[in-house]
Each structure stands twice: as C-alpha cells, then as structure tokens.
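The structures considered in this document are given below.
Next come two complexes, and both contain chain A; in the first it sits with chain B, in the second with chain C.
Right after this comes the complex of A and B.
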C-alpha cells in the first residue's frame, strides 16, 4: 500500500492562502480553527519565502505517543486520524507536534478546549465512511472518493502536492530536473551573469 | 493580452511593471513560474514595493511611483545605444521609430536614476537582460495606468516591445492582466462613456451600425437624446461622474446628474471617495445592484437609495471573455436564493417598466444565448463574430482536448481550434487568434498582421519626414494574396467596410484571399492625436520632487475633459511636498477583491485579513514616534483622512506609504455599520484607502491617478 504525504514546494508558494480557504470552506471549519496555514518568513525583503503547513501525518507521530486516551491512530497509508468522541482536549498532542497542527475550538487558557481538530488529509475520521457523523465531525472524505485533499487540489501554482509519496516525489523530482541550470545551480548567477 | 497566460510558458524573460500578479492574479503564477523554472527565464519586477511577486523575481527594480515612462524610455535608449534593437522588425513593421528614438536619447541611465531612483547600473543591467533573453513577455496592470500620464506610460511599454521585436511572437507580447473572468468582456462591450460596443466610437456611422444590429430605427434612438449633438459627445467617466452631481467644478452639460445606477460596482475604488459620498447624498435617486450591499449603500444618509439584491456568478449563466481574449460559457450551478434575481431578470424588469422592451429585446428571445448572438452579429471590429454560443459550449465540453501550452485542440471535435476562440475569430470556421499580430501563420489559421488604422502615410510634425504606414514589401501572413502591406478592406459590399458589413461578406472575402480584413500595416511609435506624440515623462501632478517640476512639467489645464474641467498646470505646485512629504500608493491584497463587499462578507477571507492597514517603512514610523501596530491618520492634500493601523515593513521604502483599497464600512475613523441593511453587514470593515487618494486624471483616458499621490501621516 502507498504512503500518503504532503510536500510544499517553497519555490512555488506565493502566500495566497487558497489552500487555507479551500480547506475551511470544504470542510466547514469554524473561524479560529486552522487545519492549515501559510507561514511567510523574511516578509518584504529579498529572500522572502512562504510555506503552507498542516499536519504532516508523520511516521512515528509524536502526537500518538503522548495522547493519554489513545484517541489518535495512524492508518496503513500513513494518514493520522483521531476520534473526537474519545478526545479529552488535554492539548498534549499540541505540545508534542513539531508543526503546530492540532487545533482546539475553544481557546481559553484554563478549562475545556473542546475536542482537538486537525487536518485529516481529507480522509474523514473513524466513523463510517461518507456517514453524516463523519462529515459533521471531520469534514469530507475525499480519499475514499479517490481525490486528493482540497488544499492541494486548489493550489494555484501546484506548490502544494499531496498523495502517494512515490507519486509526489516523482512530480517534485521531475520539476527539479526541469529547473535544470536555473534556481538550483549554485553559483551560476554569479559566475555566468545570466541574470 | 496580445498573447495568453498559457503562452507565457514560452517566454525567455518576463518583465512586470505595475503588476503584482502573485496577489492580483494568483492563477497566472503557474504559467509564470513554469517559464522561470523550465526556460530559466529571468523575472524582472519593477514596482515601488517589494511585492509578493518581487519575492519570486530574479531582479527587483524599485521605481519611484509615476516615473515608469522615464525608466522604459531609458531602457529603449540603452538598447538602441548598444545596437540591440530588432532592426529587421523595426524597418518592416514599425512606424515613427526615428522620431521616437530621438526622444529616447534624453533618457540616459544617469537621467533615469535622477528621475526614477533606479541606479544607472541597474537600468543598463535590465536592458541587457532583455536584449539577451528574447522573447520577453511584458506585463502591466493598474500600477502602469493609474497616473496622469498613464496613456504615455502604457504606450512606452508597447514601444519597448516593438524595439525588441517581441510582438507577434510566442513568448513575447504585451500581456496586460485583467482582474477577473469577464473584465476583458466588459471592456470589449465598452461599458464606457466614449464608445459604443466593440470600440466603434460615437460617430453617426457607429450609431447607424449598431441600430442595424439591434434592428432599431436610428431616428428612434436619436429621439431619445435631448439634442442630437449629445449622441456624439463623450460622457462622464466612472472616475469623475460625481463632479456632474456636486456642481463644484465647471461641467459641460445642460443639467447636473440626478440619478445613478451602480451595477456590480465596488465604488470605494473611486479616488477622492469622500467627495463621491457627498455626491451619493445629493442624487435624487441612487440604485445599487449587487449580491452584497456595497460601501456606497452604507454611506447614504438620505432616503434616496435602493438596493436590488442580485445573484452571484454561480446563479446565472452566459458568455464571458477572459484576459487572454478567450470566450467561455459560465454555467449556472444553483438557483438564486432569498429573493435575489439574476442580472438579466433585473434588466428586463427595468427596461419593461421604462417602456422600451419592444425595442430593446428585438433580437433577444432566448436569454442569454441570444445576447451572445447579438454580440456575434455586431462586434466585427475585434472579430467577435465566430464565437457562437454553440461553439463556446463545445469548447467547454471538450476542454481536455486542448494543449496547455499552445491552446490548440489536438484531435477531437474542436481539432485545430484554439481554446475559447480568442478574438479575433473572423468566421464560424475560424479557429481564433491565440497571438495577436503573428505573421508566421495564415490569417485563416489564427495569424494576424498589425491593423491599418491610421491612414496610408503620415508626415511627422517633429521631423517633417513622411512615412508609409503600411507594412514593408515581403511582410505578410503565409497565403496572403498581397505580398506586403495593404489597406483595410472596404466596398466589397458597396457602401460598407469590413467592420460595418453585417453580411460579413467582406471579412470572408479577406480570409479567402489569405488577408486580414483590417489590413496589414505598421505599429506606430508616434500618435499624432495625443498631447505627447512620443511618450515622455511628466512629474506626477502632486510631485514629491519639486526640483523636477520645471524640467518635466504637467499639461495645460483641460476645460472639457469628459464634460469636466480638469486641472493640470494649475494643480501642480512645488510647495505641496513640504506639507505632504510622503508618496501614497495603493494596490491589492490577495484575500480581498475590488471594494471588498463580497470578500469582506466571507468569514474565512475576513478572518485572514481582518483589518485595514497602511504599510509604513520602520524608518518613517520611528521618526514620527509611531510604533508598529499603532493607529495613524493619513491625510491627503484634498482633506481626505483615514485612520488605519501602521504595519511596519520594508516592502515600502522610506518615502512611500502603501494602502490596500479593499476596505470600507468606516469613514474617517467613524463606523457606518449601522447603515447597512440589518443582517447584511460585512464581517470586517475599515477606512477606504481611496478617501486619501489624490486629485489627478490621465490626460487622454481620464483614469484616476491613484498610484502617485502625496500624503502626510500622524499618530491617531
């Protein structure tokens, strides 16, 4: 079986947040909860780069290791999902996550935060596939429909890639191959004065 | 666009000037980045701001707002001085070159540095990039047009491409990006005050042509006007219509404007918006047709305003013309909800109540197909006649058969046609014209020469030289019967020409002979009907460089400019910059669109960009004792003020303030939220940047100069 992965090509990301809005509109995510966000570094200066980040569906995911109620699990295809019914909203997963992926619908410092919400790779949740409960709690199940996640489907520049890891790697490898003597050839700009 | 978004994949270099495509046209970026990655094409971004597009550039050129023309003429001069111009192209397809080149010599790299702030070495460097990476695709947007010399700036862009020989070539062209899926269509239909649809103008012959198309009696139309002369007079423009209401400037009309309909208009994109608001409140009747209440609705304190809820684009159908001149069919997805009506229904009910539906709908039984058919019938000037509703829908159904780079269908039901039949599409068999002025292909297969629009020969006033305006011997499309330049076609059907012959026999005759109906001429560098026959720099009306005003003064005042007295010389003062030391420029952000009525009413977009702000360089902020995130007042010389949050960033330099223009709903710091219909308030509101944009209008088109005004700022 394939292994699902995200890849954000930072040479292509233009910080348009199309992925963020596609995710929220398509999955009916409340305002304040961000399954995906775009981070920009060096804003307004030469070298400015942007990257779109969500749950990366890690191998040996730290969130699974720290969850006290074992509500987070990894599917065979690598997608990390969780049960909102079982989640107690303790926030340990958020502290363990290197990408800041887990989100909580109620944001008070003390008291209940509500069940954790995060990117599902548009693969629904533990409920019955295409059931109303799955849709309500987790959003669309596009993987079961044979589609890529909404964010990647909507990406204007095809910066954000999602799907089977081998396929994603192939697309990126081919893209880098075509870039040829361009952006990746260190020193060429200086040495040969093309630009 | 002379080429298409897809064709930009073939560019060997790209220059963007006054365009922030990464925010304003994000989808185009997939083609732009393709050329960068696959062709190793340099991207040059010329802008006062280090934009998100600049972040993807290989060369960022920071230009002082309003000095684009000086920079481009400097590039032209540098190219000619180094003998990099395309001599073959110029000698066979360009007119007025010598006269233009003479003017360009004044723009040495050092003088360009003095005017624009661009280092002389960088002008030389950019010229070399363009010379050694051909073809170049050149893109401009409103950063290039919204100046009092906007018409000269855009002409300079075109001349640069002629000098480099980049016109009519795949990967080259002047590629002006239009805002959304039908801005080009709206332009082609001339929703403007100085011309009938299809750029026919307002001459008697133009009216008679359209009356024949509409099947309406010419005398009936004439009778609708107070006097016949008003049929041929240019009207008020969108940028200054309110002067016709306020009565504060001298107008050339027998009556003030009393009523107004704004149909899909984000009115807070109007400069001097505080004056616009006063005009709203002086109108006898003001009707707003929009899916969301616009800021205009909230600014009216009188009971003169009516809001007609209109459907969105997903709730109606019809043909639309994209930035690449491609025509597509927009299909309806859902029915309008909550009592909204689509545009066609609102128009029909209005026209019926006004009592001329019998005349208005003579050709229109099936909506919207018959509307497209009427456009097909009459818009011959730009070849809208081949794109029938049936063909458009066929293209939509078979879009997967078209090549992503060339737009040509490879096999299938549309074999050999170009996607969306980019205009001109001369006949119902014509494949469309994917690249304008491309003489490498037969006209019948999508080729095209330059149009013969300005006579057969001209004597230039500046040089006394007389020049043939037709293309040189040997320059023509393959299969052309005439092997060289030729005039436009007329009298194939006696008394008509290619653009007035409704039988379209003239057009078919031309195509059959391998020729373009509009002739085969040269593109001109000298426009003898413009105040500046060759583009030159003139200091912005409100210049931050008083020392340059004498050398590069503005125009004389223009008494009747689209019916309004317009100040130029009497407005330009060297003292203004002392009180208003910063340059104010405006632009777009990716999350919001136009006046923002729609996007600020979308909770997710509102969440992403919830607050109005001004980009301020930290040096300016610190010198004024303002901290990042503080509220500041920005004030224009006209007395417009906005209260906005200071956003410290080096995107702008130490002389320039930038504001996005999508916000509305507050006025000079006061909320108008109570004036919106209950339950229809936008999620986020803020001061409209255009309250602060300055006086200033293009000398030819009267477009507002929103990109190079002056302002002062203080702590709020």
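Right after this comes the complex of A and C.
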C-alpha cells in the first residue's frame, strides 16, 4: 500500500475556496471548525499566491506524540485519524501541530471545548466503516469507496492533489516540467529574465 | 561643444536622480517575480509560526518529560514522607493546655475556599495528564471543566489569601535558620524551632500558591481559550506544566504536614485555635 499525501500547487491555486466549501458541506462540519483553510499572500499585488492547507498527515506526527489519551493514530497508508470518543479536548495537539490543523467546536457552556475535529483525508474514523456513527462523528469515508478526498475532487484548477505520494509527485513533476521549472531555480530570475 | 555640455548638465542630474530612485529598496527585494522559497517562507510565517523554536520544544517536552515529571512528583514525594513517618514519626502536642486563637473566621473561610478548589485543581490536573489510565473521553472532558471552574474559585481566593496573610508571610532572617535545620523535622528531638506565625516552609508555599497561582491562572486562561499567538500559547503550556509540577509537590508537602506530620494540626482549620504547647516549639518567635 502506498503513502497518502496532500499537495497544493501554489502556481495553480486561485483562492476560490471550493475545497473549504466542499469539505464543510460534504462532511457536515459544525460552524467555526475549519478542517481546511485557504490563505493568500500578497493579495491584490502582482505575484499574489494562495495555498490550501488541512491536516498534512505527517510522518512522525507531533500530535500523536503529545496526545495524553493516545487517541490519535496513523494508518498504514499514512492517514492520521483520531477517536472522538477518547478525546478530552485538552488542545495539546493544536499546540504541537505546525499547520494549525486540529480544530475545536465551541459554543457550549462557558465556551467549553468539545472533542477535537480535524481533516480525516475523507477516511472516516476508528468506527465501523460506512456506519452511521462514523458518518456523524467524522464525515464521509471516501477512501473506502475508492475516491479521492472531497477537497481534491472539487478543486477546479486541480491545484490540490491528494492520493498516493508517488502518483502525486509524478503529476507535480510533469507540471513543473511543462511550466519550465528553470524559472524557479536560484538566480535565474535575476540573471536571465528577458527585458 | 557648448550645447553638449549644456545637455550633459541637464541630463546627468536627471539620470543620476533616476538611478537613485530606481535603486531604492531594490537591494533586498530583488528584481523579477518573487522566488518560490520566499513565498514558502511567507506561508510558513502564516501557518506554522516559529515551530522549530517553540513547537518542537513543546512537542518533545509534552511527549516525554512532563508526564514523567508528574509521575516522579506523585510517587517520590509521598514515598519520602512515608519513610519520614516510619523513621522519624509524627509530632504530637497536648491540646488540653492553653489554646491560642490564631485564625479568625474570614481567614479560615478564605483558606477553605482555596483548599477545596486547589485540591480539585490538583486532582483534575493529574487526571488530564494521566487521562489514558481512565480511558479519556467524557471523564476527561468533565475533569477539564472542573479544572476550569475550580481555577476561577482558586484565583479569587488566592487574591484574598495574598492580602490577609501578606504581613505575616514577609521573609525574616530566622527563616534561613529554619531552612538549614529543615524545620527540625529531620530529628526526633523536640526543641524550639525559629519561626514566626508562619515558618519558612509555609512562607514558600504561600508565595508559590499566590504569585504562582496568578501565573497559573493567566497561562491557564490562554490554554483554555487558545486565543492569541500560537508560540505564546506553547510557551504558556510549558510554564503551566513546570510550575504545576512544583505546586503539586508543595501541595503534597502541605497536606502531609497538616494531616499526618503534626497531629491535630487540622483542628485549627475548623475552630482557628492552636495549642500553646505547639506554638512554643514550632513557632517559637510568634508573639501572640
């Protein structure tokens, strides 16, 4: 089995937020929880770039290391999942995560945090596959259906790639080759740009 | 020839000015489109912050040191006291002699509020750290909510405690002597120990509980809301854990002293009276 990865091609992302809407709508995410976000730099200026980021399903994930109830685990295909039944909402995973992926639903008494919610790579959770409990707690299990995650499937410019690491890398390499990857090499902009 | 010089006189300053204007701010930004690495750096600043500095530190501490540190505190400290109880044994003073009224009703009430809320804070704090032993889930969530509610009660009583006891808790020279002989607890011999109304150990506990308690409240507030800069929250989590371990250790000392080490010391929490026989030995410099 391969290793599942996300890749956002920032030369293609146009900040349409289709991935965010698809994820929220398709997985019935509560208000205030953003499993996926799009961030733009240099907005309105030449060279504006956007990137879409969710849980990156890291190797040696920091969240797994800090969880006091060991409710976060990594599948063989690299997807990082967690059990909402065991989660105590302590927030350590949020502090450890380099990408701000773990989210906490609010709005209960005193704004108390509930169990953590994060991107599941549309692979459900520890519950029985396709069960109602899995659907309500974690959203769709599209991986078990043989589909890519909702966000990547929705992406209009196909900048967000999800799937087996080797295939994703192949697609990205071919794109860069066609675009002329030399333009990104160090010094080329300065030395060889046509006036 | 004159025309060339004239033209030069006009053109040269104009071109020099243009060159200076063009070079403004170009040393750092460079020409052409922003390179990918620079863009990634900007995204990093927005997403991951200074993860290498604080995130890495927090992850390694939380994943290894903190649970072990707390395990060490809650096993070694009680074990040391158990050995003390067996080897040296508790102190016992006659309570049928003259009794001195030390703590008025208000002070006792403040202490009770602080005592109950702090005990809950210690229990639920340890519950969060060792949540996997109870399986986590709803018990852990309940523990966290109790932790937060007790923190509010404790923070308020800590302020009152600070105000009512500040005068008696100021350090004195004889506190050093008390610390050198460890309050006389390491020998079976009963002779007067240099201490005012409160001994050096109680003073340390007072400053840790009130000033440390305020630090715990502020850092805890940010850990609860998760609002603000992520690196600050990581730093606060580290402070909260280290200070928490120190406070749990001192809490265990305080509980051992009041319940086991000095027989009948707990009574003063209810009626405010302490035996004169006890004060003469343990608080020899106290003028009542």
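Everything that follows uses one rule, which is that the second predicted complex is superposed on the first by the 175 of 195 C-alpha atoms of A that agree within 3 Å, B and C clash if a C-alpha of one lies under 4 Å from a C-alpha of the other, contacts with A are read in each partner's own complex, and residues count from 1 in each chain.
Following the convention adopted for this analysis, contacts are C-beta pairs under 8 Å (C-beta built on N, C-alpha and C of every residue); 3 or more make two chains touch, one makes a residue touch a chain.
Quantities reported herein were computed from a predicted structural model and do not represent experimental measurements.
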* Quick one: on chain A, after the overlay, do chain B and chain C clash, or do they fit? Just give me the call. => fit
* Asked: Between chain B (first) and chain C (second), which, if any, makes contact with A:95: first, second, both or neither?
  -> second
* Asked: After superposition on the shared chain, which partner residues are touched by A:156: those of chain B (first), chain C (second), both, or neither?
  -> first
* Asked: Just chain B (first), just chain C (second), both, or neither: which does A:85 touch?
  -> second
* **Partner, of chain C and chain B, that touches more residues belonging to chain A** => C
* Considering only touches as defined above, state whether A:70 meets chain B (first), chain C (second), both or neither. => second
* Hey, in the superposed model, what angle do you get at chain A between chain B and chain C, Cα centres, nearest 10 degrees? -> 130
* To do: Return first, second, both or neither, reflecting whether A:48 touches chain B, chain C, both chains, or no partner chain.
  => first
* Give one of first, second, both or neither to describe whether A:105 is in contact with chain B, with chain C, with both, or with none. => neither
* For A:15, select first, second, both or neither according to whether it touches chain B, chain C, the two together, or no partner. => first
* To do: Kindly classify A:126 by the partners it touches after superposition: chain B alone (first), chain C alone (second), both, or neither?
  => neither
* **Partner chain(s) touched by A:26 [first = chain B, second = chain C, both, neither]** => neither
* To do: With both complexes overlaid on chain A, what's the closest CA-to-CA approach of chain B to chain C, in Å?
  => 9
* **Overlap of chain C and chain B interfaces on chain A (superposed complexes)** => 46, 49, 183, 189
* Within the complex, which stretch of chain A touches chain C? -> 10, 39, 41-42, 46-47, 49, 51, 53, 62, 65-66, 68-71, 85-92, 94-100, 104, 109-115, 183-184, 186, 189-190, 193
* chain B residues within the chain A interface of the complex -> 22-23, 26-27, 29-30, 33, 36-38, 40, 42, 50, 52-53, 55-56, 58-60, 129, 590-591, 603-605, 607-608, 649-651
* To do: In the complex, go through chain A and note every residue touching chain B.
  => 11-12, 14-18, 20-21, 24-25, 31-32, 43-46, 48-50, 156-158, 175, 178-183, 189, 194-195
* To do: Sort out for me which residues of chain C touch chain A in the complex.
  => 30-36, 39, 42-43, 46-48, 51, 55, 58-60, 62-63, 67, 128-132, 135-137, 139-141, 143-145, 148, 223-226, 230, 233-234, 237
